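Look for subunit A in each of the two complexes below; its partner is subunit B in the first and subunit C in the second.
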Partner chain A sequence: MDDLSKASLVAVSGMKAQSERIRVVSENIANAESLPSTPDELPYRRKQVTFRNVLDKANGANVVKLNKIDVDRSEFPKKYDPQHPGADANGYVLAPNVNPLVELMDMREAQRSYEANLNVIGVSKSMLTHTVDMLK
Partner chain B sequence: MLEDLTLFAMAQKSLNYLARRQEVLAENVANADTPKYRAKDLEPLSFKDVLTPPDAPIRAVTTNPMHISPQVEPTAFQVLKERNPVESKPDGNSVQVEDQMQKIGDTKGKYDLAINLFMKHLSMLRTAIDKGGV
Partner chain C sequence: MAINTITDAIAAYNSAAKSFAGKGVAADDSVQSSAGADFASLLQDGVKSAVDAGKKSEDLSKQAISGKADVRDVVAAVNNAEVTLQTVVAIRDKVIAAYNDILRMPI
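For the complex of A and B:
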């Protein structure tokens, strides 16, 4: 495989990783209010993705892969709501450890990286097209 | 055939170099959020590299048919990791997307230049071969 096609391949792997990240972010945002329904149940735990650089042996290019999706082990914030079915004896409900602002920033970063990769594909493709045009 | 002419050989070499560089830069952009990833780049192509023919790769001498020699050729251009990153993220990643995009644009510009030089030279040769005139 030629270097320019490999460049596109690497960029595609980056785009795949970033879109997976956006999926996890949307899961977190959608579940930002998933409270427990009984006092001993736990609320939704925020999920996190990490990336790693691996060699794709078939193509000889270093691509991006996703590590296992991990959970955020930080503490759950407490909300005072005695009427809630999930409230404990003191009237507190455990809320998910999702901070919408953090998720939003994560989403922005993923979007920016995705666009950068898209740009790389565009440039590589036009370089390749230019080369093929030499035949004309 | 065409490679015997210096200008074609130079254009070819620089096209190879730029295509490989594009791959390395794409890897940097793709890994913009990978923890502990250090940005990479190719060693700049020097004028001397272009002029001197590449050294033949060093191989183990095979004096017996049972001897094996690796089939993989070492890569022609050396990949360097950024040694003193200007700034890096808390997770140890040193890729700056803006920087990389600038390098990618630069690579594309040089690639197009090499192709245009190649074509121009070819058309000059063609003029020499042709009847000329119109």
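For the complex of A and C:
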């Protein structure tokens, strides 16, 4: 397999990794209001992804894979809501440690990276096609 | 000199065909007396690799329709099949054009 085809393969792995990142971001955004139902329960804990460089031996190229989905161990913010079933004696409920702005930026970053990989596929394909067109 | 460049070109096509088949370039195939055998094996290898790539892309497309395959894998496979087929067709056209040129050559 030539290097330009390998470049597409690597870009595809990047796109897959970024799709999984988008999935995790969407889980965080969707669960931003997942509060505990009793005072001793914990709310939703924010997840974050890490990536890892892996050698694809079959094709001889370094691709990117999702390393693991970790949890964000930062503290839960407290919300004053005495009516909530999860409120403690002082009327505070633990809220998920999800910051919608951070998630938005993460999502935007994943989107840009996905588009960059799409462009790599497009450029490598057009380089290959143009080279083959030299024969015509 | 001219003969040399033609055999060079055929050898290059041949090694391209070998690389389709994933065997690498064979050293002893560089110059052969009969261009017909070269071209036949070249086309055979090239078409075989194009058919393989096409099959792979079709299989992946079928899986994608039933929701089993990743759409990005389908795009990569279809791209690969397209480029392989284009290469085979371009090489075939080029060699057949050279053959026709030789046939039409006034003696």
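Note that in this section the second predicted complex is superposed on the first by the 136 of 136 C-alpha atoms of A that agree within 3 Å, B and C clash if a C-alpha of one lies under 4 Å from a C-alpha of the other, contacts with A are read in each partner's own complex, and residues count from 1 in each chain.
Basically, contacts are C-beta pairs under 8 Å (C-beta built on N, C-alpha and C of every residue); 3 or more make two chains touch, one makes a residue touch a chain.
Fair warning: this is a prediction, and the values are worked out from it, not measured in the lab.
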After lining up the shared chain so the two structures overlap, which partner does A:Glu33 touch, if you call subunit B first and subunit C second: first, second, both or neither?
neither
Pick one for A:Asp2: touches subunit B only (first), subunit C only (second), both, or neither.
both
So, does A:Lys125 touch the first partner subunit B, the second partner subunit C, both, or neither?
second
Counting only touches as set out at the top, which of subunit B and subunit C does A:Asn53 meet: first, second, both, neither?
first
Which partner does A:Asp70 reach: the first (subunit B), the second (subunit C), both, or neither?
neither
Would you check which partner chain A:Glu41 touches, where first means subunit B only, second means subunit C only, and both and neither mean what they say?
neither
Per-residue touch tally on subunit A - higher for subunit B or for subunit C:
B
Hey, what residues of subunit A end up touching subunit B and subunit C alike?
2, 8, 15
In the complex, the residues of subunit B that touch subunit A are 15-16, 18-20, 22-23, 25-27, 29-35, 37, 97, 100-101, 104-105, 107-108, 111-112, 115, 118-119
For the complex, give me every residue of subunit C touching subunit A.
19, 22, 70, 72-73, 75-76, 79-80, 83, 86-87, 90-91, 93-94
Complex contact set, residues of subunit A against subunit B
2-4, 6-8, 10-11, 13-15, 17-18, 21, 50-53, 61-64, 109-110, 112-113, 116-117, 119-120, 123-124, 126-127, 130-131, 134
Would you pull the subunit A residues touching subunit C in the complex into a rising list?
1-2, 5, 8-9, 12, 15-16, 19, 121, 125, 128-129, 132-133, 135-136
